[in-house]
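As written, the chain order gives the labels A, B and C, with residue 1 at the start of each chain.
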Amino acid sequence: MDWILNSLREIITPTTAAYALAAIGLNIHFGFTGLVNFGQAGFVAIGGYGFAISVTQLGLSWPLAIAVTLLLAVGYALLLGIPTLRLRADYLAIVTIACAEIIRFTLNSSAFASVTGGANGLYNDYSGWITGANPYPQGLVHLGPWTFTSTDLWIATVDWAVVAVVAVGVFLLIRSPWGLVLKGIREDEHAMLSLGKNVNLHKLQALVMGGAIGALAGILYVQPTSVQPFDFASRMTFNMYTMLILGGAATVFGPILGSMIFWVVMRFTDELVNAGVDAGLLDNATQGSQLRFVLVGAALVLLVVFRPQGILGNRTELSFDAK
Amino acid sequence: MALALLLAVLAPAGAAHAAPGDDQWGFRGLVRDGERKPVTGAAVAVESDGEVVGTDVTDARGRWEILGLAGPGTYTVVVKTGGKTYEVEKELVRSGTTLPVQNLVMSTSDAPAVQASLGDKLAQRAVSGLNLGLLIAIAAIGLSLVFGTSRFTNFAHGENVTFGGIMGYVFASLAHLPLLLAAAAATVAGAAFGYLQDLGFWRPLRRKGVSLVTLMIASIGAALALRSLFQFLYGNGTRSLTREDWGTVRLGPVVMPATSYVAMGISVAVLVAVGVWLKRGRIGKATRAVANNPALAGASGIDVDRVTRIVWVLSGGLAALSGVLLGVFNQVSYDMGFNLLLLMFAAVILGGLGTAFGTLAGAIVVGLCTEILVLWIPADMKYVGGLAVLVAVLLVRPQGLFGRQARIG
Amino acid sequence: MPSDAILIADGVHRHFAGVTAVDVEHVEIPRGRITALIGPNGAGKTTFFNLLTGFDRPQRGTWSFDGTPVQGLPPYRVARLGMVRTFQLTKVLGRLTVLDNMLLGSNRQPGERLRNALLGVVWKKQDRTDRERAREILARFKLDGKADDYAAGLSGGQRKLLEMARALMNEPTLVMLDEPMAGVNPALTQSLLGHIADLRERGMTVLFVEHDMHMVRNLADWVVVMAAGRIIAEGTPESVLSSEAVVDAYLGAHHDTDLRSLIEEDA
């Protein structure tokens, strides 16, 4: 029983919210526009590092830091997008993952450690703006069967508010003629060109928007913790694909639902692993956590093959396996 | 099934090697004289910011070891013997591509405490780059052939390389087979692994008629699952593939382990064999035909499924061989293949997806760039050089250097 | 010779790794007429279409549409000038409904700009107009019953119809159809023929690629013949189809009966 309650607690944690947001961004790329971006982690890294460095090293105020970070993400999206959007789907996938890795290697490198903290990352000296505004009573807060520290709950509240606003915005955008053009591009670029649509412009807009949302997610992601370069490995992007396809790509709320389920299951298996360690079945918990990612990978394969429309997706819409 | 096999072989390994702690930072080395005989009793010290942080004295085999350093950073290794002092500056970095414990071979015939010239360093790097390029080529040709025959970009190909590396480690270090035999055994295991992947996984998916984007996503799922499984079984440690020491060979200014030259020899032989097979062999020609136009090849009586199967076997075997050689060149770790994957893509794209000869050329360019750029960029950003080449090429020629333009309408 | 040409091309040359696909000295497409572009497989018809509409770049050549030079323009700009094409291999937007396919055919929707997307007031009106027009055209093409189905569920012939219907959403001046009749059953072919003839009645110019000589004879006012990338003949269907040079180019060494008998029937 404890296990289940502990696992369900993940539904509202800040990490779940940040991942949901990044997955919403990725969904604009992949689900709506058909851009196979395997490097969303790069945008999230820019978000996390951009904000942390702006605040701690440049001494910017938080609104300015957010603005600078988002600008940085937009710049990166343009840099990435202008030359690569004419590439085939598989080439785009390779370039995006390569660029995300370049970013991670660079942030991880000891050469820039004075700014980025190198492999050790950055300590959390930047979340004062959010924790300082905490209206909840100090100490532990009880919410139903769960207990949160006041700070965690407040960050979660802010995060989910951001997720809600962005999700509604995306919902409205996708319903608009602009959103229809994105979907048309997902289906067939050449047809859209022959109908007079500026395909590259729309793709670039989608890339920038999804990337900026990813960077925003990065800002949220690092608020409760420190910045760790390892977090932004390609595994992060692959987790997001699992969420996306689990919840339903090309739906607005799919990524949110996907992130919730993903983290609940991760937590649940974590509890299982701990039980396994206690029972002497596994050497240690780190080892067990690798096993969980075996499950994630397998789940991604099974989902994309057998239920590509996810939970919220329209069965007929995705049962025509396009292209 | 191959995984079950791997599990069975590695399960005791995991226990025996109760993971050499992740944070074990340090240096390990060998001091030799001009005749390449071990120097016993040399005093070795490691300094950081002018402060001595560890000392050791070389043993009868000339070996020393200083572990337990604080962590990543720049260190100076000072060796004193026969009244002379030798110094090298070395950097320990935390990254997926380098080791927490570095190996150093020093020779008393080197000029004491003098830096190598840029030309010498360049030569050394160029040979390493060629070596790396050939390794990438072996692995990438499989990737390219699979793409050619089934138009499928396999993001799990890196794991085939890791599989080979780990199998090489199992055969060489745990089963104590001689290195060459271990390499052969690992290659066979890799071929079987490739065969099983096609049989049990990719072929059913192709039959189901799923789209290429779906296949691509399935392949990242497979990659994640396999990589995590390797991590579970093998641990985070980075280990030498073999304890066999073939000594080093000096060619002009370039000093390389003899195994590296053997590895290059094997690579060239294998690449030539694959090249000739593609040109002359019956199935090789069929492979090229399928790569050119699967429908036409099928219509003209080529068994496309069989060709694809053979390509998977070949691809798995070559990837595993590459993993073994990479394990000798570097070390074995659970993510060695994944780290190489992007360089493989770089090579394949540089050469144009689906063209074997182009892949070889592309791989050598990528290998050289990766190694030579290390002269100017920090060692822990080593792979950035190769990736930058990839990005640059795609910007200039979106269809790859030798690739063809797709037709519209 | 056509007196008023809507499309004039000069010295258009495109080769792929040694193979000359298109080498057109000069060609004019008459305004307000139906022109057929015929020629054996591999003659370069599709490549010529791709070049004219900006989907491919020639090594050299110039052409103008309605007096404006259009070479070098990206395909979407060409389409916006009123020169809309379809594809030999039909390109419908499979996971969108038939109606959405049609809506995307319209280029008057301001809501397609990102800055207007959230402002319903700006685009709702146009959306209504477009929907009305879409249903009207769909009805003409007997696709109104399918408006809310996914396009991927349509039959091959219905897809051809949808592609053509979609191209008409913009009221183009020149419609370029690459083998509109290929793979369409005879009953549908008849209605497609009707639709194409109808376009001319509505004042549009049609350029279409077709292999079936009966169609060409029935439909075209003007015929342009391509072989090995060159224009080898042009003229009225009667004159072109009876030309010995055309028959030779078309049938090569194996003089088949089809075209011959057609011509004899004709005479």
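Just so we're on the same page, contacts are C-beta pairs under 8 Å (C-beta built on N, C-alpha and C of every residue); 3 or more make two chains touch, one makes a residue touch a chain.
In UniProt terms the chains read A, B = Branched-chain amino acid ABC transporter permease; C = ABC transporter ATP-binding protein.
Since we're looking at a predicted model, the values are computed, not measured.
Visitor: Averaging each chain's C-alpha atoms to get its centre, pick out the one most distant from chain C.
Guide: The most remote chain is B.
Visitor: Decide which interface, A-B or A-C, involves more C-beta pairs in contact, and give its chain pair.
Guide: A-B
Visitor: Which integer distance in Å separates the CA centroid of chain B from that of chain C?
Guide: Here chain B and chain C have centroids separated by 53 Å.
Visitor: Roughly how far is chain A from chain C, going centre to centre by Cα mean, in whole Å?
Guide: Distance between chain centres, rounded to whole Å: 44 Å.
Visitor: Indicate the whole-number Å distance between the mean C-alpha point of chain A and the mean C-alpha point of chain B.
Guide: 31
Visitor: Where in chain C do residues touch two or more of the other chains?
Guide: 55, 87
Visitor: Please set out, as single numbers or ranges, the residues of chain B touching at least two other chains.
Guide: 408-409
Visitor: Can you list every residue of chain A that touches 2 or more other chains, as numbers and ranges?
Guide: 190, 322
Visitor: Quick check on the complex: what are the chain A residues that touch chain C?
Guide: Against chain C, the touching part of chain A is residues 169, 172-173, 176-181, 183-184, 186-188, 190-199, 205, 316-318, 320, 322.
Visitor: Using the touch definition from the top, list the residues of chain C that touch chain A in their complex.
Guide: 53, 55, 74-77, 79-80, 84-87, 91-96, 100, 103-105, 107, 109, 111-114, 116-118, 120, 123, 127, 150, 152-153, 163, 166-167, 169-170
Visitor: In the complex formed with chain A, which residues of chain B make contact?
Guide: Interface residues on the chain B side: 14, 18, 72-73, 91, 93-95, 153, 155, 205, 208-214, 216-218, 220-229, 231-232, 235-236, 338, 342, 345-346, 349, 353, 377-378, 380-381, 383-384, 387-388, 390-391, 394-395, 398, 406, 408-409.
Visitor: Spell out the part of chain A that touches chain B in their complex, as residue ranges.
Guide: It is residues 34, 36, 38, 83-84, 86-91, 93-95, 97-99, 101-102, 105-106, 108-111, 118-119, 190, 234-235, 238, 241-242, 245, 283, 286-287, 290-301, 304-305, 308, 321-323 of chain A that touch chain B.
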